[in-house]
Every structure is written in C-alpha cells, then in structure tokens.
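Take a look at the following structure, please.
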Amino acid sequence: MQSKGLTISKFVYSWLLMFAVWYGFTTSTALPELITGVIVSLVVTLITAKAAQCCGLDILLPHRIFYMVKYIFVFIIALLKANFDIARRVLSPSLPINPGIVEFETKLNSDFAKMILANSITLTPGTITVDLVGNKYFIHWVDVKTEDSEEARQEIAGDFEKILLKIFN
Amino acid sequence: MEILKYIGSFFVLLGSIFLFLGALGIYRMPDVYNRLQAGTKSSTLGAMSMLLGIGFLQPDWMVKMIVIIIFIAVSNPLSSHALARGAYRAGLSLFQKEKIDAYEKDYKDMEDKEL
Amino acid sequence: MDPILYNKIISVGVYGSAIGLILIGLYAVLVKKHLTKIVIGLSIIDAGVHLLFIAVGFIKGGTAPIFSEKGIELVNQGTAMVDPVPQALVLTAIVIGFGVTAVALSLVIRLYRHHHTARIDHIKSLKW
Amino acid sequence: MKRAFILLLLVVVGWVLADTFSQINFGESRMGDIKQQETVGAYYLNNTVEKLSVANVVTAIVVNYRGFDTLGEVTVLFLAASGLASILYRRKKRGEHDVMILKNSSQLLQTGAKLIFPAILVLGAYVFIHGHLTPGGGFQGGAIIASGFLLMFMAYKDYHVSHNVLTWVESVAGILFVSVGIWGLISGATFLENVLGTGTLNDLISGGVIPLIYIAVGFKVAAELTGVLETLLNFKTEK
Amino acid sequence: MEMNIVLYIALGFIGLALILGILRFIKGPTAADRVVALDTMSVIVTATLALLAYIFQRYIYVDVSLVYAILGFIGVIVLARYLEKAL
Amino acid sequence: MVISPVHYIALPLLAAFLMPLLAKVNRELVRIIPGVVLTYLLFVSVVLMQRVTETGQPIIETLAGWQAPWGINLVFSQFTGFLVSLMVFMATLIWIFSYRFKKVDNEPALKYYILFMMLVTGSVGVVLTGDIFNMFVFMEITAIASYSLTSFYRDRDGAEAGFKYLLIGSLASTFMLLAILLLYTQVGTLNMAMIAERMHTVPVGMKVTILILFLTGLGIEAEMFPLNGWAPDAYSQAPSPVGATFAALVVKAGVYSLIRVIFTLFDIQGAYQYLIIMGIITLIIAEFAAMKQTNLKRMLAYSSIGQMGFVLIAFGIGTKEAVFGALFLMFNHAIIKSLLFMSGSFFVYNSTSKDIKGLSGIGKKFPYMGFLFSIGAFAIVGLPPFSGFWSKLYILIAAADESMLALVAIILLVSIVEIVYYFRVVAKLYFGKPTDKEVVHKPTFGGYFSMTVLAVVILLVGFYPDIITGFIHRAADTLLDKGAYISNVLSVGH
Amino acid sequence: MNNIVLIILILLAGGVLSFLLNQIKPLLSGVTAFVATVAAAVLFFTGTGTADNFDFVLGGMHLSMGINGYSWIFGALILGFSSLVLLYSISYMKGRDRLGYFYLNFMLSIMAMMGIIFSRDFISLFIFWEIMTWSSFLIVVYQGLSEGRVGIKYMIFSAVGGYSMLLAIVFMKAQMGTVLISDLVSHFSGFAIQQQTMVGILLLITFGVKAAVMPLHVWAPRAYSDSPMSYTSVFSGLLSKMGIFGMGIVLISVFANSSTFGTNTFYISNVLAWLGAITGVMATFYAVIQTDAKKLLAYSSIGQLGYIVMGLAVGTKLSVMAALFLAVVHTIFKGTLFLVVGAVERQTGTTDMTKLGALIRKMPWTFLAALISIIALAGIPPLAGFVGKWMFYESLIVSDHYFLVIMAFLSSTAAFLYCYRFLFGIFLGQEEKEFENVKEAPATMVIPMVLMAALLFVFGVFPGLLFDPIAKGMEVLGMGTVDWSMTVLSNGWGDHVDTMSIISAIGTIFILAFIYLALWNRKRTRYVTTKDIHTSGEIPTENENLTYAVDFYKPFERAIEPVMKRTMDFYYNHLGEGLESFFNFLRRFYTGNGQTYALYVIVFLVILILFSKQIFL
C-alpha cells in the first residue's frame, strides 16, 4: 500500500467490502435490508475513509484471487500441522521445548501483507509474532532451530512470504 | 442432506477437541509464551472448525459462520501477538533465560526513543 | 439424574454465583484500599445483581423472548419464553451501572492527580 | 479483626440473600397463568406481536412499554459523559492540548485495527438497526461502535474523534428521541406513543417508531461512550 | 432441540476446556497468564455460543456469538495494552 | 399540545440535548436556557396545581399509550404536585441565583448547567413517576448529576466528596435494585399502585426483607443515620447553588421515595416506629455534629441532615397532622436551607477562611447578606415569626396528640443545640472588624433577587402560614389516602 | 382597625421605617422609633380598653388578643418607659453605626413585649416571647463585645425557657384542644397532679429565665452589660418584667385558682419564694463587689427581681401587691440608673467605677437623677421604693415567712453598700484628671432621666396612683379586691398604714444622713500622686491601689468569698464543656473514610436483618 490518500478505487473497494460485511450479518436479500446495507456501508466507508483504506479494487484481479486461494490452502495446511505439533507437545509428558526469540527482515512492503504474514506465522507451528518493527519481525519460537536471520526467515515465513509478494506487489 | 449432518458433526467434534487441546496447552505449558503458542493455534483452528461444522449442520447459517470464521482468523492471532508483546514489555522473562533473545536490544532502543 | 435434584443444583449454582459475585464485590468495597479496586468491586456487585435479574426471569426450557425465527414456527403465545421484563430492566441497569462506573473512574483519576495516592484511607481531608 | 468482622457481616448478607432467593424457585415461571396475563411479563409476551409487530419483546419493552425508562437511561449516559468531562476538565494554557497517555502500539495492531474497525462499525449499525428483530438494540449497537473506537484508541496513540462531531451526533440523536416522544403528544396521543403504523412482523421496516428510536439511541450511545472513552484516555495535558 | 451424540461429546470437551481455562486463570501466576487464559476462553465461548444457537435452533443467538467474538477481542487488546503499561 | 406532567421531564431533556449545540451558537444561551425551561415549568406547575385543586383528582398521565400497569405513568396529585411545584420553584430561584455565577463561569459552564438541569429533572421525576423502576432510573439520574456536580470545582476536595457520595450511592442503588427485583418476583408488576394493591399477597418474611432493602437504599438518599456519611462532604464541597439544590430538591426526592414506599407500597406498621427511631438518632447525631463544625457549609450540611431526621420523625408519627407538619417542614427546609447556603456561600467566598472564625464582622461588611442569613438562621431553628416555627409547632402538637411528650422533649432539647450553633454564627457575623480582604465574589443582581424572594417567602409564611397550609393539608390527605391512589391510577383507561 | 392590632403595627412599622430611614439619615432612625413609640403609647393610654379584643385564626389555630387590668399595668410600663428611653437613645446612640439594625430590633422587642401582654393564648404569647428573645439577642451582640459568647449564653437560657413553654403548650393543646390562657385556668383543675406540676414547672422555667431567678440567672449580668445602655435599661426594666408578668399569671391565676393543686402549690410556691430570696441575697452580694457600674446595676437588678419573685410566690394579697408595686417602681429606678450610667459612659467613655469619680460637678442633673433613683432603690422614704419595701416586709411577716424576712433584710442591708459605692464611685470621690473636660449629657438624655426620677417621687408620695391599676390587675388574677386610698393601705390585721406619716418620719432622717455622707465624702476628694506619703516614699508597684474606688469593699469581699467561690456559672460551664466534648466524641462517627461509611451501610443492613422481627413485626 504505497499510494497515500483516497482514490476512487479504494473507496469503492471499501464500500463493496463493507456491503459484503453487511450482507454477512443480515444474510437477507430483502430490499429494505439491501438498501439499508448500501447506506450503512457508504456511511461507514465515509467515516473510516481516512483511517481504514487498505487496498484498491485492483486486489480483485483474477491472478491475485488465485494466489489468495492458494494462500488459504497453504495456510490451512500449516495451521493443521501447527495443531498437531501443539497436540504432540501438550500431550507429551516430557514437554520437549527449546524456546527463544529470533528476528528476520521481510521483503513485503504492504502493511496489510505484513499483518497477514504475522498472523500466519502466529498460527503456524511453534512460532508467535512478538513484534514487527519496520520490516523486522521478532518471533517467539518454541523450538529454536537457528539464530541466523536469513535462515530463520526461510524456516518461518518461507512459503507465505512468496505468495504474499505475488498478491500485494 | 444427511451427508452434511455427518460432515458438520465431524467438524464440530474436531473443533471441540482442538478447543480442548488449546485449553490443555494453556494449562500445561510452562510459561506465558508457550501457553500462548498452544492456546492460539488450537483455539483458532478449533473455533473455525466448529463454526464450519455448524454451517454444515445448518446450511442457512453458513454465511454468518464464515463471517465469524474470518473474524477469528484475523483477530485471534492479532490478540495473541498483542499479548506476547504486552507480556514481554511487562517484564516477563522467557522460560529458559540462557536462550537467545533478539528482541531485548531493539525493545530497549525503542523504549529509549519513546521517552 | 433426578430432575428435582438437578434443578436444585442448577439453582444453587446460578443464585450462588450471583450472590457470590455480590459478596465478592462487597468484600472489595469494604476491604480493598485501592480506589480502582473499590470501583471494580462496585462493578462486580452490579454484575451479581444483574445476574440475579436474569436468573429470576429464567423459565426452565424457555428461550429468548424474540418471535423472529424463520426456520422455527412462532412459539405459541410465549409460553416457552422467559420473562422479558427482567431482561429489559437489566439492560437499563447495566447502562446505568456503566455511567456510574465511568464517573467513578474519572473521580479516581482526579483523586490520584490531586493526592498522588489512590488509597482510600489516605484520602480523608473531609471529616468530622 | 476488622476483616473478620467484615467477613461475618458478609456471611449474614449472603445468608439472607440466599435465604430470600431460595424462596424464588429457579426456572419456575412467575408470570402466573400466562393467558390471564397476571404479570406484566405475560401481558407483553401475549400482546407485543399483535399490537406492535415487534419480534423482540425485550425491545418492545425497552423502547415502547417502558420507553420512558430508556429515555432516562439515555440521559444517564449523557450525564455520565457530561459529568466525566466536567470532572476531568482542565483549564488549558495557550498552546496546550490533551494527549493520549498511551504509548505507541505495535504496527501490526495498527494495521489490524484499520481492517477490523469498519467491520465493527457495520456490525454496530446492524445491531441497532435490527434491534426490534434480533437480540440487539440501540445500546448494544452503540456499545459495539464505541468498542470499535476503543480499538482505534488502543492501536493509534494519536487517534482523535472530533468532539464537535460527537457533540452533534449525541445532541441530534437525543433531540430525535425526545422529539419522537413529543410527536406523540402533538398528535394528540401520549408521550412516546407509537404513532406510526406497525407493519408486518419480522420486516426490517416494522414496529412503528421503535426502530427509529433505537437508531437514535444507537447513535447517541455510540457517540457518548466514545466521548467517555476519549475523555478517560486523554488525561494528560501537554504543550 | 436437535441433539445428537456428537454434540454431547463436543459440549463435554468444551466444558473440560473451559474448566482448564478457568484453572489457569485462577492459578496465574502472572497477569499475563490470566489474560492468555481469558483470550483462549473468549474464542472457546464464541464457538460455544454458535453451537448453542444450533442446539436451541435459534438463529438470533448467532449474533450473540459474533458480538461476543468482537468484544472479547477488543477486551484482550485493552488488557494487552495494559500489560504493556501503555494505559 | 395540552399542558401535562410529562413536560417536567421532556422539556428539560430536550433542552439538555440541545444545549451542546446551542453552546456553539452563543455561550450565553447555555446559561439562559435552563432558566427559560424552569420558568416554563413553573407555569406548568401553576396550571396543573390549579387543575388538581379544582377537580380534587390527580392527573394520571400514561406514557407511550400504555395504561397502568402495562406502561409507565406519571402521577401529578395534590401531594406530588405540591412537592414538584416546590422543587421547580426552588430550582428556578437557584438558577437565578447562579446565573452568571463567577465561580461557575470559571469552570465548564455548559456542563454545569446541563448537570444542574438534569439534577432538577431527576428529582422531579422521582416524585412524579408512578413506577418503581422508573423511580430508580430517575434516582440514578439525580445521583450521577450529583456526583459530578459535587466534584465540579477544582479548587476544593470535591472529588473526594464525590467519590464517597458515589460509593455510598452505588450501594444504595444496589439495594434498591434488589428490592425492586424481589418485589417484581412477588407481584409481577412494577406499577406502584398495583404493587400496593397486591402487597397483601406477599409472604410476611419476604415483605420485610424487601422493606429492609428499600429502607437501606432509600435511607441513604434520605440522609438517614448511619447511612449519611456522604452528605456533609457533598454539601460542603459542591458549588453553593448545588448545595442549595441538594437541600431543596435532592433530599426531598430521597425522603419522598422513602415515604412513598412506606406509606403506599407497604402495610407494615413497624416501619412507622422505625422511622421515628431512626429520625431521632439522625436528628441527635447530626445536630451534635453540626454543633462542633468549624466549616460553615459543613455545619449547614449537618443541620440539613438533622432537619431530615426531624422530617422522618414527623412522618413516623404518621397521623394526618404529623404528615402535614412533615410536609410543611420539607417546604420550609427547602426554602430556608437554600437561603442559608446562598448567603453563607458569599460569606465564605469573601472571608479569609472557610471557617466560621473567618466570618468575624463580615455581617457588617455585607449588612444585607447578614440580614438574610440571620433570617434564615432564625427560621431554621424555628423561631417565630418565621416560617420554620409553624412546621415545628405542628409536628410537636402532632406528637403531643399521640402522647409522645418525651419525643417532644427530645426534639426541643436538640433544638437548643441547633440554636446554639446557628446563633454562634449570627453573633460572629457582627463581632469584630471585618477584614480588609477585597470583595472577590460579589453577589449578582440575580443572587440578591433570589435570596430576597426566599426571605420574603420565609417572612410571609411566617406571618401568615395560611397561604400555604391549604396546599399542604391537601397534600398530606392525598399521601395518606392509599386507596384513592390505587383506584385513581388503576382506573385510568379501564 | 382594632387598637391592639394598631399598636402592634405601629411599633412594627416604626421599626421597619427606622431601619429604612437609617439609610437616608441615621438621626431619622432614632426619631422615627421614638415617634412611633410615643404614638403607640398615646393610643394605648387613650384608646385601649379591656373591650378591645382581637380574635383570629392563624395557621389553623384560634388565637386571641386582648387586654385586661393585669396586662394594662405592664403595657403602660412598657410604652411609657420605652418612650422615654427612646428619647434618650436619640442622643445616646448618635454617631454609632448600624443604627437601623439597633432601632429595628429595639422596636421589635417593644412590639414583642406589647404582644406578650396582649396575648390571651399561649401560641401568640410564645410567638411574641420568642420575638422578644431574638430581637434582644441581636442587640446584645450589636456591640460585638465578647465574641458572641454572652449572646449565646443568653440564647441558650432563653431557648430553654422558650422551649419549656412550647412543651407546655403542645401538652395543653393535646389535652384541652385549645391554647387560651383562660382555658388553662379553667381546665387546670382537671389535670392529673403530675400534669399540673409539669405544666407549672415548665411555665415557671420559662418566666424564671427572663426574670433571672437563680439558678437560671447566669446569662443576665453580661447580657445586660453587653448591650448598649439605653437598651440595658429596657432589658432590666422591661424584659425581665415579662418574666414577672408570666409568673404572675402562672402562680396566681393558675395555681391559686386550682382547687386540686393543693399541697403542690405550697411546695412550688415555697421553693420559688426561696429561690427568689437566694437570688436576692446572692445577686446583691455580687453587686457589691463589682467595679463596673453596669455590672453592679445588672446584679442589683437580678437581686431586686428576686424580691419581686418572692413576693409573687408567697402569694398573699399583700405580697402580690407589693411585688407588682416593686416591679413597676424597679423599672423606673433601675431604668433610670442604667440611663445614668449610659450618660456617664457617653460623656467619659467608661463605666469602670475605679476610673471614674467626682462627676457631681460636671454632670449635676445626671447626679440628681442618680441620687433619687438610688434612694428609691435603697428603699428609703419618701421615694417609691420605700412603699414597696414596706408592703413587702409586712406581707412576709403577716404570712409567717420569718426566714424570708431575714433573707430579705440581709440583702437590703447589703444593697446599701452597693448603692453607696455606686454614688461614690461615679459622682463623688476623687476627681480624675482625664475627666476634667467632661460635660453634662445633652438635654434629650437628661430629660428622661429627671422625669423618671420625678415619677419616683410622685409614686413615693402618692402610692395610690399605682395602687389603683395594680388592684384592678389583681382582680383579674383572681385575688379579689384590695382596699386602698391614695396614701393609706390597709394591712392584713386590718390596720391602716399611713404612708405619709411614715415617710415624713423616716424620710427626713435618711435624707439627712445621706446628704451628710455624700458631703463628707466629697471633702475627702483629693488628687493622689505617685509621691504620696501613703506609700512611705517608695514608688508604688503597678498593682498597688491608689484610689479608694478599688477594693472598695475588700473586707466585705473577704467575708463573702466562700459563698461566691463556686458560682452557678461554674457548673454551667462544666456542663457545657462536658456536652461539647460529648458532641465531639459523637461526630467522630464521620471518619472521613468513605470505606468506613460503606461499612456503616452494611452494618446497618445487617442490624436491620438480624432484628427485623423486633423492629418491624
């Protein structure tokens, strides 16, 4: 998200998104509901215009959608792995852990992408994002395998970062 | 539609197991960061799975279930991150002190800058 | 399980926790010295009272008094619905409790600013 | 010693409360013969759908049967906001302004808040607009919106909501509420009387003035709670 | 109410989970541990509310779940900020 | 639009919501609007009092189109009407007094006027409403406005006083809520008339528990000992117009609610004896404490509490004459204590200290103010020919009629204490040379005006009590006629 | 309009008007007050008869005002005396600030006194009684002499008195349903004996406070002396007589006419008579040792009131008559003496007899008034005081109150001491340099004094002028008729007392003796310097007395010292202190800690819960 200021594209995207949220809440196609939804989402978009613009309509381009879907799959697999990993640790009486905090830098430059990456890291095996300063992630790692920044990036963020770069850049 | 019921029940059951595992992790892990590790992942997956299951059991509700799933997927890791950061800044040391802590120096620097 | 016993256990649990909240809050109000803890105590008392409202209005097997189900037929003349009045009252009570808590917190802030302490037994320039 | 005495007192209080509530059987209907409408609760359950076309009986009570209470409730919030502002008021010297006492939050939280905040606003609006249909209402919706602002306050140290706007919103909403009441008076009925047609049950547009009032309440509550939060968090004055 | 055996089991797991969460909340030992317990429990409760809505077959309760999710999240964020000594 | 009791609530609220907007147009409007509203309400009072006096029937106003017990209603009877009119009258005068009040104007005046107007509205609402939960809501409005106004000034210990008030007030609201909840479980309604009608069905044990909860909760508002720890602080730290408002409106609402509950809702005879006993203790402790105060406003506060004790005693006697005396005393106390607060505050502002000691000779510096204060002091201790005398006389006669001579003796003994501390101040006003301290806070024209009006009322009622006794007699009769209350309220729309 | 109402209104309007006119010109204030009082007096003496009734309903109570022979005596006294005092005040108060305040309260107290004597029911009586109390209180604190303590003490005692009456009133109202005085008289017999005693004692406390009967007198000396002198004369001369007025009603018309009261009358009357006697003796002793002229007169007043109370309490026809006679005469001579001291104070700036002296040449007219009044006070013929005293002794002897006679004699003798001291200390003795340029008081002050002194002479020679109204008054009280002629009084044995012959016999002796005394002392007048041989050449220390006026009666003081050591004041002060520390203890309840208050709430709740059965069921 490099360009500052409000573009029509961003505005419309935001409006659409808010309307989608509205629909998610009402799940009704009755006309009064829809009209109200349009109004509400418009008002909310106007209110949050300054603060809350993340993307423009271009995020909806097909190839980006494709990568998004791909991301979701990758993510879900990672999430499942993470849970089995946790289950193993939790249920094992010896609690095999070796925790520590490591850092690495990301190539992502969209705030939004960075957040998605951070969340993904948090939900994948053995890691939690403690902080993000500029481009530098600080990760709490249950079982620290390396202290080297680049290796850590590969180990922790690898796949996610690649796909995210494709979606947001 | 019987098949949906089975799928739904499966997801609900799976979700509840993960939720339980998350709570167990919270209970058993030795320090706050590890508890967070266990709690976040399992509870997120557990909740998502259970909501999805309910969506299958009651297809009318699927849209709303997805809304909640998305919300949890976004918010839960975020809150965990905020907690981890908060715990760190609250001065809670790591479980094993001799282990590596890359955050310490930067964190101190930032504190100085803010003052 | 014996339904009467079951009912008794549930009622002890619900009333007990509500009354327990009230007592815990009262304890905080009467014993804790920190102003914020006292305010929290007041909120806990409120919570207990609100819970009592809900508990009292509850009817075994009753649902929320809302006639809006699409998939479910209208509940016949409300016989299986809980008493809506305590719910309406508790809504009001909660909002009022919130208002009071907000004012209380602002007073705590001011007291702290002025006395540089938040211990209630140190703030007694007005007495006798 | 003193503590023991207090505990003893609490035992007595607890005992009398327990004793009293043990006479009120949990889960038992106290609405009497519901067809006879022996209690107001029974009356409301029996008549709300027919007379007001409002699905949510609690909402009907809150906004219509006991709408006067709600007016008072709104006033309480308004008062709390005013009281708070007056209690924490500080005379500012030239060039001084309030700042949040918060330190910077994490970049991630800022991004997340930016994403979630609009959705929370939509949810709040949804809750108060559907107050007569779902277990929501003006207060709940307003509180949700305010919690959205709370999220923003938590995420952004320098996030400010224009006091002017808040004042406008709460004033106009409050005036709207009272005006709906006076509308009843002017049209020859009683204060707060539902002077609009009630529509069909479970439509968005039903229940007469009830949704109108709840929308007003929603806005008002949102503005007031946000104002309260901002006042409570802004208690440092800086050059 | 539509109840099958799976839902009973699920409720059982959830009950156990909540008990464990409450135990951790009580044990602490630090404020951060308690908040972590709260955080997890809020997610569990969110899911549970949705499940209860299904069990009671009342769609309107789903809204409660949604609102609970949001308020729980924001509550934890506030507490986290408090831990950070940022408040 | 016909003039009706709901105007008392709706218009101030409308104005309160409007004021923040109008403040942006012109700051002066903020000060003026409450006065306009209150003046209109005074007019409403006149019209409605005339109406109820003519018909002899209360005005029952249903709200939102739902008759009792389904909806909330307002009851403007000769009793509530009297109290409400008194409140509005006092509020108007207090508004005039505080118009362009320098100390207030140094603070966020907009908030002050909003809170003040809501304080008035809350107190009036407590009296007007016919619904027990609605009464709770209005009480909370009053309470929150009071907490905030108590801590309004920054240069005092207002926050401390406000916090204590809030702490005790919150306990009060808790107990009241519990009482209301239990009551609802027993009778299934919140309308006071219907509660009264169904009260006999409630088991005695439950009834007593509910009563105890009410007595504790409302006793706090009515400043009953030992629940009144908050009161002296709140009175003395609040801005003086607010102190006057507490005395003239807020406590009145508290006492009203207590009386309404005991007289109308319940049918427990023991409650009357209880009122007498608590009244005596309150009276004695408060007057004794007042005796030893060095701070003028605190002294006035304790005196106020003592007067409320006296009122409770009178209500506890419970006969027609006693209730008449009690209402008369409430009337007098509202007027006299306000005058004392108003005039006393100027002494305090312009003296070297807040202590009574600092008042030396200040009566010579402000002769008219000293005169007004003296009138107030004479009237409050019940010296003839000031209004306070009559209420005291009626209550004593009522007590004697019930062969409670010991009670009379106690009251009179305590009155001597009262005389001592008031006359000590009056004597102090004229003793010694006034300090050279410049006049920091000159009374405004409005200040003089409202104090003069109060003094005139005190003298007028003192010389010729009959101008007011008719209203009070009818008010007392209305309060005591529980059957009529029930049938009037419940017959509306049936 | 009814004359009674008119008089009250004139006095009230006069007060308000003089308050207002003070804003324009202070002089107008006094003049207005004087004119109003004179107008009221004229109306009273010319147009007010016993037929003037005024019945009205106020606050739902039937009240009644009127006048009878008994109250006429006091009414005449009030209006006559206060007219003269107000005339005196015009000059006396000149130049002081807040004259409006002073005259307003002055007029209010006159109005209140008139109201008291007009009242035919207890409610109006109480109303005017309290107005009298607070208006006089305001005058006591007017000069701000002693930090309000004196005023407070006065107010406390008045409140005790006033509330005693109020208690009696509400009791009567509950018992009889009416508050008319005449109803009390007729219903009194119907009361149970305890009730009779209670009502009697309560009312006697009320009137006893104002009449400064021991032990209720302690407020009086300082209250008298702290108010401006022109008002002090009213205080001592009139306000105290309101106590006498009330006692007369209670003792004579209520008790004496109560058939069932029987033995109680005896006890109460005897106790009261003894209290009066003790008051007389003690106060006289105190008067003797005072160095301040005002205080001397104040104590003297109290002593004299003691006699009067004694006379009323003894309750025979003659004693009552003597008491009423003394009451009137006392007003005149004591009033005059206070005015004299006022004149002296105005001209010299002090009332300390140790500083004053030899003013006889500077203020001859004042001296004349003082001399005549003192003679009357001492009970020496041919002045009015003698007649009263004679009747008084005779009534005591006739009714076999021999001990009372001894007491009375003791105090009369002691009274001579202070009379002498008063005259000597101020007008005779050694001339002080600082008073060299003192002038006679202005005419408006001298005239009232001399006029009243003349009255003393007239009433001394023609006591019948007073006997007439007094006899009428006693008839009203139910004492039956009294035989009298202008100069002859029939005593209890049926003998006739020819006042004229006695006066001429005894009077001559006394006057000669007095004049001798006075002149003899004048010869001794001299200036004392510090080098006087008196000190054997040594320079005297500061605390050595060089004037006679100091320690005038040192031996006497030593003699009475044991009696005086523990005054009533001492006990009252201790009571007061004890009460105050008790109050202080009680208010510790308000600890200032909000949490404690919260605890109180819970404790209260728990107490109610635990004792709910006892409290509510």
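For reference, chains read A, B, C, D, E, F and G in written order, and residue numbers begin at 1 within each chain.
Definition applied: a contact is a pair of C-beta atoms (placed from the backbone, for glycine too) under 8 Å apart; a residue touches a chain by one contact, two chains touch by 3 or more.
As the structure is a computational prediction, the values presented were derived from the model and not from experiment.
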item	value
Topological distance between subunit E and subunit G, in contact steps	2
Chain centroid nearest the full-protein CA centroid	F
Chain pair showing more contacts of the two, C-G and F-G	F-G
Chain centre separation (subunit B, subunit C; CA means) in Å	29
Approximate Å spacing (C-alpha centroids) for the pair subunit A, subunit D	33
Centre-to-centre distance between subunit G and subunit A (centres being mean Cα positions), rounded to whole Å	100
Whole-Å separation of chain centres (CA-atom averages), subunit B against subunit F	56
Per-residue multi-chain contacts in subunit G, two or more chains	587, 590, 592, 594-595, 598-599, 602-603, 605, 609
Set of subunit E residues in contact with two or more other chains	59-61, 63, 66, 70, 73, 77, 81, 84-85
Residues of subunit F engaged with two or more neighbouring chains	133, 137, 140, 144, 147-148, 151, 159-160, 162-164, 167, 171, 178, 185, 190, 209, 232-233, 289, 292
Touching residues (chain side subunit B, partner subunit D) in the complex	71, 74-75, 78, 81-82, 85, 114
Subunit C residues touching subunit G - in the complex, by the definition given at the top	26, 29-30, 33, 38, 120-121, 123-128
Contacting residues of subunit D [partner subunit G, same complex]	6, 9-10, 12-13, 16
Complex contact set, residues of subunit G against subunit F	57-60, 97-98, 101, 123, 126-128, 130-131, 133-134, 137-138, 141-142, 144, 147-148, 151-152, 155-156, 159-160, 163, 166-167, 170-171, 173-174, 580, 582-584, 586-587, 589-590, 592, 594-598, 600-605, 608-609, 612-613, 615-617
Subunit A-touching residues of subunit D, taken from the complex the two chains share	106-108, 110-112, 114-115, 117-119, 121-123, 125-126, 129-130, 152, 156, 159, 203-205
